[in-house]
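Letters A, B, C and D name the chains as they come in the text, with residue numbers starting at 1 for each one.
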């Protein structure tokens, strides 16, 4: 049976793709992959602007293989992203469903994070509408995949920025507190901290204690280190924000000249790393093939460098835990 | 029993580390990790310059935690690397052994590739000398680890260079053949090719055939693409080098204006990516801990993002195969 | 008199812009500037695809301020570039003129190099058609401006690549010959060579002699340097290409292990530096304002960080000479 | 008369170099150049750690051509930098003088900014000690040179960060306020703003008024732009800091979702651009040659791409004004 025969037998003849929630590098590469895979299987494809909100408002366009030329290397998302209050209402979801029906869309690929998938699960339950999720968030806080789209790029962005900060820190014998993204998950802080050779790393998963940090910084100075970097996750457990932490240390360790740098939103942008581009390409292919195979309510992801799929609900409820081995490595490195 | 008691009971009181074979980004981060882990376990550490050759010539220095300050982000290797003819002779290896004994070194960490590990296995058999390998090569052609040190960085370097080449290719509607490293393994070509959105990828593992490439390029032009990138591995199977390939296409597809770019040795240098720095830190810790635990003849590596160890001989003889799924993804992406 | 009144009195009501010859980073920023300046002065603007060849073939589109959103940071040229044989014929230029008239274009901005300006001067003489040139080429080989568009970016690209090469060169104690662009002008080689700390720099403007280079490399090795970089301009005067040079040195200085790297077309691409983006913005404004003021046959350029204009013919015939002071600096630095 | 004869006739037989004030990329390249130029002229050279403070404390080391191998590309300063309260006292300067005499130093090269030069002028008056300044600061706020060391690099760092921020800004239709460095001078804000295609630029030299900014942002949104970047200098004249500005706009333009990013100290670090490395090399040569020629109290600098020297006092008192042409270009670009 040829690809063409199969095509006419398929139930899924048109797939729509959206990006939802916080944007992440690699989202464009994933859009490109979904669109090209649809083209390969001679399935129509549409793009939905601004996530669920755009879907509710009927903001869709047809996408062909050529529409996604030259976007694999671009940060951001050509489909834009948004958070949608309306989609949290039954009424909003009804409108979204009508919008899909009106455009003859048979299945949905959602590129986003936890919140976006939760919306997708509810939508699928209410309307029995086929949906596959692609994990896209720099925070890497999703269960069911070793890496989310954008995480690897964000790590490189953070490490390159901290490398620059270390130049000036060591020229002036200063202590820098550098805040990186990650409200509920310390993946970025822990990995970027180890990658940047930080003297201390503060993450939401562990409360290492302020006293312990002071001790460690004292020891570091005694051992002859003239400058230090402390990487702090947005959501660390000390109960102090990064500026309060800096003040606290300056008061208690007057021998240190302390500065603060908040890396901020630049961590969300930039051209994706090779890893994120390849991951996006692979996950996009898998998402479309699963839908064409009649599957739904799955999240595609990576495990041991293989593409796998997980039940979408499990992915939402599951925990993606910090590797304690890396905490230990971090300790040893700052001997 | 305290760390100190254990220390005096240990057989391994001094560890030496070397980098051997072709250099790779992340080697300095691995040296730093070995040195710092030794310091953490109050074990002495020495660095050997220029791999086995330097060992034979007695070119060793003591390394302390402070000697490796501020090197985690540096390309190349502060211990320098070399290939050693002398180490292939029994006489050379005898001298190497004497050099280790003279310096009271009890165990060896070798950061390098296949060739370096083969030397290590022979050395271990002859002198029963404890040895652990850390896989460091941009080619990723080592069994027993999903990633070798430097591979991720080399991919980013290649993709960034090809992004630049695409700028000029598409301005002039040209076809570029870009040669990347990888004499026996197509990992770089395949991943950088997918990451850079290449229209064709030629790798040593597969002979896709020249006719097929011509057909594909013809199709690509017909579909309206005005520029194209073909990524070629150094050792591809077509029997033609990259310049001959370019000539062949220019003769057969006169509608294309063809150019060649050989990325070359810049792929071996540059500041390591966050991934490579973290990997290096983790593998260095594991290498030292295995030696202190009395283990030998192992290679540390990564599997499913966990640090594992493999028998060194198996790592050498094993095959690290290209993932055929990615070949398929590449095909679909260039629809 | 308001901006609007002036507008109706002007002779120049529509300006067309093209990029011609080899592409260079910053060309998109210059297109954007020309288009936005036209919008500011309420003058219509068109873009011509593929330089003079596209003009002959009537390949023009209207451009508005919004058409050039989000291109300031992009390498290459959205208008594409080409070399045109047809424009060298009287017949071709006649067609080009008719194409401009048909589209009601009153004046032309040509972003390109020497060759493109020569065509423009002839065209102006034949048809008395207002034309202003913006110097865009990575080679910096145009008289009447201290910097051409793309030159600063190409220098950074070359230096970053050589930094990576030095990592591996010094790990292996090797001598690298690195060829950079610049067929007739050594600006890139000289500046990138000094910037990368090269031990030797070979440029078309000076024949330093092979013997002198051998002597210098011998001295460098004796002084304890274990690795060396020689930066060679495409068009250096030794009469040997970079591979022949490498062979020659390897024969005469067997103590060196020699490698070659040709940086190639990646030097033409990439996101423009801040300098090139600002320069492009300034030159685009000036080009349009000169045309609106009734001026023609000028090239806009930079002198002492001020925007100036030069007679286009003088710019073509003039010489942009290498600064001999920098040759001297290069000598002193490699002491 | 040979170089050697001249050497013995010279009064200046040993030169010391320091970096002082805020560090800037290119300072290491300038140190290297001073050291190598001394070596070329067979003049001894010493490095002073931590600027005037280190001088007072006698923290000097001999530097040879080899001590400065492989530092041209490094951010920060290997000599470290500091601000010195002690040097503001007569007693401190006396100690500094004694420190120089004790080390047989005959002349001083100070790499730094306004404050460092002011100290140098006083010191020269009191002790008649030969001194030459090299302008090194990312702010470009020094008269007598078109470019200070580090300024070009800081511009590229800022623009690359804003490019990343624009990715996420345009994905979410947000307005970002991005604060860049420059307390008293708007050079970075103005140039990085134009280079990054910012919709508004707020600098200390001009108070454009909050009302005008609101109007401009309203117009921008009406014209269909969905995201905007406002670049703000640390020291802008609105009387509000960047967070207050953001709040003000959010209150008055509720249609905008506003975010703030403070780029901070990463602008001081990073590998210098080719421009800064070449500039550093040229200024270092000139500084040493001027001292050897018996000159003093000068600052070396760049004018029309030529190396010049200015009276040090004039350099301090002079104004380096923002180019109003660029303000106009900025206005036109945001049409």
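Methods note: a contact is a pair of C-beta atoms (placed from the backbone, for glycine too) under 8 Å apart; a residue touches a chain by one contact, two chains touch by 3 or more.
For clarity, every value in this text was computed on a predicted model and none was experimentally measured.
Visitor: Along the shortest chain of touching chains, how many steps lie between chain A and chain D?
Guide: Step count on the best path from chain A to chain D: 1.
Visitor: How far is the middle of chain B from the middle of chain C, if each middle is the mean of its Cα atoms, in Å?
Guide: About 37 Å, centre to centre.
Visitor: How many Å are there between the centre of chain A and the centre of chain B, using C-alpha atoms for each centre?
Guide: 28
Visitor: With chain centres defined as C-alpha means, what is the inter-centre distance between chain A and chain C in Å?
Guide: 39
Visitor: Which residues of chain D are in contact with two or more other chains?
Guide: Counting only residues that touch two or more other chains, chain D contributes 163, 166, 170.
Visitor: Pairwise, which chains touch?
Guide: A-B, A-D, B-C, C-D
Visitor: If we count contacts the way the header does, which residues on chain A are in touch with chain D in the complex?
Guide: 19, 23, 25, 27, 74-77, 80-82, 157, 161, 163-173, 176, 226, 259-262, 264-270
Visitor: Help me check something: in the complex, which residues belonging to chain B touch chain A?
Guide: Touching chain A: residues 32-33, 36-37, 39-40, 65-66, 69-70, 72-73, 146, 152, 155-156, 158-160, 163, 166, 170, 191-192, 194-197, 223-225, 271, 273-275, 277-278, 281-282, 285, 303-307, 323, 325-326, 328-329, 332-333, 335 of chain B.
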